[in-house]
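Just so it is clear, A, B, C and D label the chains in written order, and each chain counts residues from 1 on its own.
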Amino acid sequence: MHRTTIRVRYGETDQMGVAHHSAYAGWLESGRVALCRDAGIPYREIEAAGYNMAVAELTIRYLKPALFDQVLTIETRLARLTPRLIVFDYRITNPDGEPVATAETRHLVVNRNLTRASLPAGIMEKLKQAETAHA
Amino acid sequence: MHRTTIRVRYGETDQMGVAHHSAYAGWLESGRVALCRDAGIPYREIEAAGYNMAVAELTIRYLKPALFDQVLTIETRLARLTPRLIVFDYRITNPDGEPVATAETRHLVVNRNLTRASLPAGIMEKLKQAETAHA
Amino acid sequence: MHRTTIRVRYGETDQMGVAHHSAYAGWLESGRVALCRDAGIPYREIEAAGYNMAVAELTIRYLKPALFDQVLTIETRLARLTPRLIVFDYRITNPDGEPVATAETRHLVVNRNLTRASLPAGIMEKLKQAETAHA
Amino acid sequence: MHRTTIRVRYGETDQMGVAHHSAYAGWLESGRVALCRDAGIPYREIEAAGYNMAVAELTIRYLKPALFDQVLTIETRLARLTPRLIVFDYRITNPDGEPVATAETRHLVVNRNLTRASLPAGIMEKLKQAETAHA
């Protein structure tokens, strides 16, 4: 799986003293943006080409609290890749290697008008290589 | 179902021109906090009594973009209520009554040390009335 | 001054047990968006006409912590209104009427390309009425 | 000045196509947290010792838009350091070295009850070294 890290910000904590559950969605996004970048197809280039991977479904299972200033590892995997539907799954671990969360996001490919579209061959090729590299 | 409304903030939009998918988690939270308040047991009183409903799982299905300044209706239902596990489900609709998202959150009851606990009878009673009222 | 209210969200608190200082920027934005709406010129119409009020400077003085679930009053005033530069100031109070924060935002009028522009007469007229109404 | 970097997240952009002005407060926080960490006194240890640097005032001047996926450099300087009042100032630059923002935050030292307090000598010593190192 592709790996990236994020550090938990103070503003991401809540009054329970742990990272608020809504912060994780942004961390997962950082994971898949990093995966695309490392696949040689930065997400901003996908957007510049006129496409977006609109989030159609998000599932997060919270396993252990994430704490302020911890460096978390986000492992991201392209679980399914078609020109119109893309699925990522994720595993977040803390500095002790303990699982903090697992997650899945399902994305519909859309164009600038937010209507459904198909990723062109050039982008698909690069993502396929990422899919293989991080299987 | 219990109903509350939120207005989409400018800062909740992203460069696709729609509300970012991470904003929805906060809206769902506003829905269940409002349900508890209207059940006569404000969430801050649950916390003051030493309990939290830690989010164990979050699932959101995004059906239609939410737009800046729209007033969205959050319908919240207590789908399952036990002293140790609570499940809410949600339906978000836009001003035209169109479905924007459906969602579910699963919560473990924990105490101040974030270890599992059971809600006391007094809180359970009030939530049960809310469960019936909004079935 | 123009008044609107917001309720402090759980996710806006941090591990100090109070609303995180970054949340206030969004509340101020809600205040000025509400002022424009009540002036008969919703901010999304200003944007649809091709203009934005880009934030050039933000100053917030934090006077008293804001707490989860409190309903805060945001008072917003158009302190200066020219076609190219707009200044709002703000006063946030808690349910006991105590001052929580004062703030100021300075905005440059820009067009869709983010280059400086001048608000057209029609929009200026409506904002001028708001300026007078809430002086 | 002390330097750290952050990468602009997709969720930090808004429908103007640039980073929303409220995101900067979190970046500044990352800057001062990194400064403390590199000074040998991680912010979580300051908190564990019973102290907080509550934000009393925030000023940000926005000079140039920050864009999705840009790696920004946050330069942080301890502009004033006393046991009861601490002032940081900041400069944010984009990958081309252009200034994106300058900022200042003023902090009151408080204890766990959020009443004013004085930083103990041990913490002051380490911060003083940081003040000198990044002058």
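The rule is simple: contacts are C-beta pairs under 8 Å (C-beta built on N, C-alpha and C of every residue); 3 or more make two chains touch, one makes a residue touch a chain.
None of the values given here were measured: they were computed from a predicted structure.
K.L.:
Between A-C and A-B, which chain pair shares more contacting C-beta pairs?
P.N.:
The greater number of contacts lies at A-B.
K.L.:
Using the average of all C-alpha atoms in each chain as its centre, how far is it in Å between chain A and chain C?
P.N.:
Here chain A and chain C have centroids separated by 33 Å.
K.L.:
I'd like the Å distance between the centres of chain A and chain B, where a centre is the mean of that chain's Cα atoms.
P.N.:
The mean C-alpha positions of chain A and chain B differ by 24 Å.
K.L.:
Which positions in chain B touch two or more other chains at once?
P.N.:
Residues 10-11, 15-16, 18, 22, 25-26, 29, 68 of chain B touch two or more partner chains.
K.L.:
Taking the touch definition from the header, please name the shape of the chain graph: line, ring, star, complete or other.
P.N.:
complete
K.L.:
Help me check something: in the complex, which residues belonging to chain A touch chain B?
P.N.:
By the definition above, chain A touches chain B via 15-16, 18, 21-22, 25-26, 29, 47, 52, 54-62, 65, 114.
K.L.:
Mind pulling up the chain D residues that touch chain B in the complex?
P.N.:
So the residues of chain D touching chain B come out as 10-11, 13-18, 20, 22, 68.
K.L.:
Enumerate the contact residues on chain C facing chain B in the complex.
P.N.:
Where chain C meets chain B, its residues are 7, 9-11, 25-26, 29-30, 33, 37, 42-44, 68-69.
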